[in-house]
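Two complexes come next, and they have one chain in common, chain A, joined by chain B in the first and chain C in the second.
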Partner chain A sequence: VTSDNCVWVYAVADDIDPAGLIGIGGAAVRRVAEAGLAAVVSSVPSGQFGEAALRRNLEDMSWLEQTARAHHAVIEAVAKERTAVPMRLATVYTSDDGVAEMLRDRAADLRQALAKITARGEWGVKIYLAKDQAPDRQPEKAQDEKPGAAYLKRRKAELNARQDARQQALTSAEAIYHELSRLADAARTYPPQSPEIAGSPTSMVLNAAYLVPDDRADDFAAAVTGLAAKHPSVQLSLTGPWPPYSFVSQGNHDESGT
Partner chain B sequence: MTVVGSSPGTERGLGGGQPANLGDILERVLDKGLVIAGDIRVNLLDIELLTIKLRLVIASLETAKQVGIDWWESDPWLNAQAADRASDRKELEEENRQLRSRIEALEAGEPEGDQR
Partner chain C sequence: MTNPALKQERVALVDLLDRVLAGGVVITGDVTLSIADVDLVTISLRALVSSVSSLLERPQ
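The block that comes next holds the complex of A and B.
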């Protein structure tokens, strides 16, 4: 690594040989071993990943998308081979020595995180309203009804129907969340995604992630299918297994309140 | 009801070759993953703001058009009303007139009677 390069860290495992993987910017992925741990890294140009440049680039959406996808792709490939703690995007060191020092300093935390996620995968469950809740045709208006009053009445009925459907969906979502939590080691929620991001026709009411032991993954998927059948007010989507991003944060105490 | 895959699809088995939803990836790699301060510091607030910004960008790029069309077309009131707008117009005007006079009466402090 020359001074023109920085070192990007994707993940940390107890031992892994990531040779052959391609990382950010097409760079070869390699490892930095220290303290019985192996960091999966690649060199990145300082011009793009130095402090000022990184801050600027993170605001460039297409740069961010490419980088996030490349980061994720390496982590996913590594996680297929070996239990690995995924690092947050933009964990960057100026040299391999800096990475080695981090491995030494944080060895205990890293081992603890590895133990927590060994033989486990992250599954994402999103819950949406079953369908757009706009009622079909309005009822014929009564003969003697004034159009203004009829409008208000229809509007009110429509709003009530939407509200009821949403309430029903939230109740179902809560029940499903708790039911699935019983099959998982840990669970957490993200803010529901907006329809633009989720690419869904209806509102998302719950966006959850579960840490599920691998030997229970089939049961978990079956439970999702079963719960979907039991709760007609919502639709479910199951994604995974993800590398366990959501279950390695040290700052988890911050999240317990939410 | 049904189990659906979000699109672009990330149905069971992310390794299936289909690209995962960008939102799913970003909320994980930006918000989660082990946070260890590297030599290069990018503070958390930047990334949180970025997430918000990203939502706005995706919203404006991908579906502004869709949203603009959808709300109009899917509002049953607006749609159905368009059909018999003409025939309702006179009725509405008449009702408006009656309501106005009723409001005037109320504002003048008269006890509310049945105006029908």
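The block that comes next holds the complex of A and C.
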């Protein structure tokens, strides 16, 4: 590693040989071993990944997408071989020595995280309002009413129906969240994605992640299907298995509430 | 571990960003010393929102 390079960390495992994997910017992936742990890393140019550059580049959507996908691809490849703790995006050191020092300092935490995720996968469940449930029957013309009054009455009924549908969806989402939590070791929520960003036709009411033992993954998927049938006010989407990104950070989120 | 019927070809970028920015072990590298967690999420959300709005504004 020369001084014009920084070191990007993808994941930490107890032991792994990542040789042959290609990382960010096409760089060869390698390992830094210390304290009985192995960090999966690659060299990245300081010009793009130094602090000031990083801050700027993180605001560039295409840069962010490429980098996030490359980070994820290495973590997925590593996870096929060994249980590995994924690092948050943009964990960057100036040298391999810095990475080794981190492994020494954080060895206990990292081992604890490895134990927690061994033989487990992360599943995402997003819950949306069911397709627009606006009443499709034509409201009957009220002959004895003025047109303006009829319009207002109809409009009010529509708004009420929409509010009811949303309330019903929230109630269902909460029930589903708790039901699925029973099959999982841990659960957490992310803020719902806005429809514009998520590209979904209806509002998302819940964006949850679950840590599920591998031998219960099929039961979990079956439960999602069953709950979808039981709750017509919402639509469910299941993603995964993910590397357990959502269950390795310590103490900075709530793993129980909705 | 994998249920092939549920495995997607390419993960949605929003789902991925939720995870790689707000999840993952938080170990502050020596380079990113002053980029706090919240910063990272805020920065990327701004990038996401601005790219979406530029998509929406793109004339047909």
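Operating definition for what follows: the second predicted complex is superposed on the first by the 249 of 258 C-alpha atoms of A that agree within 3 Å, B and C clash if a C-alpha of one lies under 4 Å from a C-alpha of the other, contacts with A are read in each partner's own complex, and residues count from 1 in each chain.
Everything that follows uses one rule, which is that a residue touches a chain if its C-beta (ideal position, glycine included) is under 8 Å from a C-beta of that chain, and two chains touch if they have at least 3 such contacts.
No experiment lies behind these values; they were computed from the predicted model shown.
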item	value
Partners on chain A (chain B, chain C) - clash or fit	clash
First (chain B), second (chain C), both or neither touched by A:214	second
Dominant contact partner of chain A by residue count, chain C or chain B	B
Touched partner set for A:9, first chain B, second chain C, both or neither	both
Partner chain(s) touched by A:66 [first = chain B, second = chain C, both, neither]	neither
Chain B versus chain C as contact partner of A:234, first or second or both or neither	first
Which of chain B and chain C A:54 touches, first, second, both or neither	both
Touched partner set for A:124, first chain B, second chain C, both or neither	both
Intersection of the chain A residues that touch chain B with those that touch chain C	6, 9, 12, 49-51, 54-55, 58-59, 61, 64-65, 68-69, 71-72, 85-94, 98, 102, 106, 110, 113, 124, 190, 193, 196-198, 207, 221, 238-242, 245-246, 248-250
Touching residues on chain A, where the partner in the complex is chain C	6, 9, 12, 49-51, 54-55, 58-61, 64-65, 68-69, 71-72, 85-94, 98, 102, 106, 109-110, 113, 121-122, 124, 190, 193, 196-198, 207, 209, 214, 217-218, 221, 238-242, 245-250, 252-253
Touching residues on chain B, where the partner in the complex is chain A	1-8, 10-12, 14-15, 19-36, 38-42, 46-47, 50, 53-55, 57-59, 62-63, 67, 74-77, 80-81, 88, 91-92, 95-96, 99
Chain A contact footprint on chain C (complex, rising order)	1-3, 6, 8, 11-35, 37, 40, 43-44, 46-53, 56
Residue numbers on chain A that touch chain B, as the complex places them	6, 9, 12, 49-51, 54-55, 58-59, 61, 64-65, 68-69, 71-72, 76, 80, 85-95, 98, 102, 106, 110, 113, 124, 126, 128, 130, 132, 134-138, 146-149, 151, 154-155, 158, 190, 193-200, 207, 221, 224-225, 228-229, 231-242, 245-246, 248-251
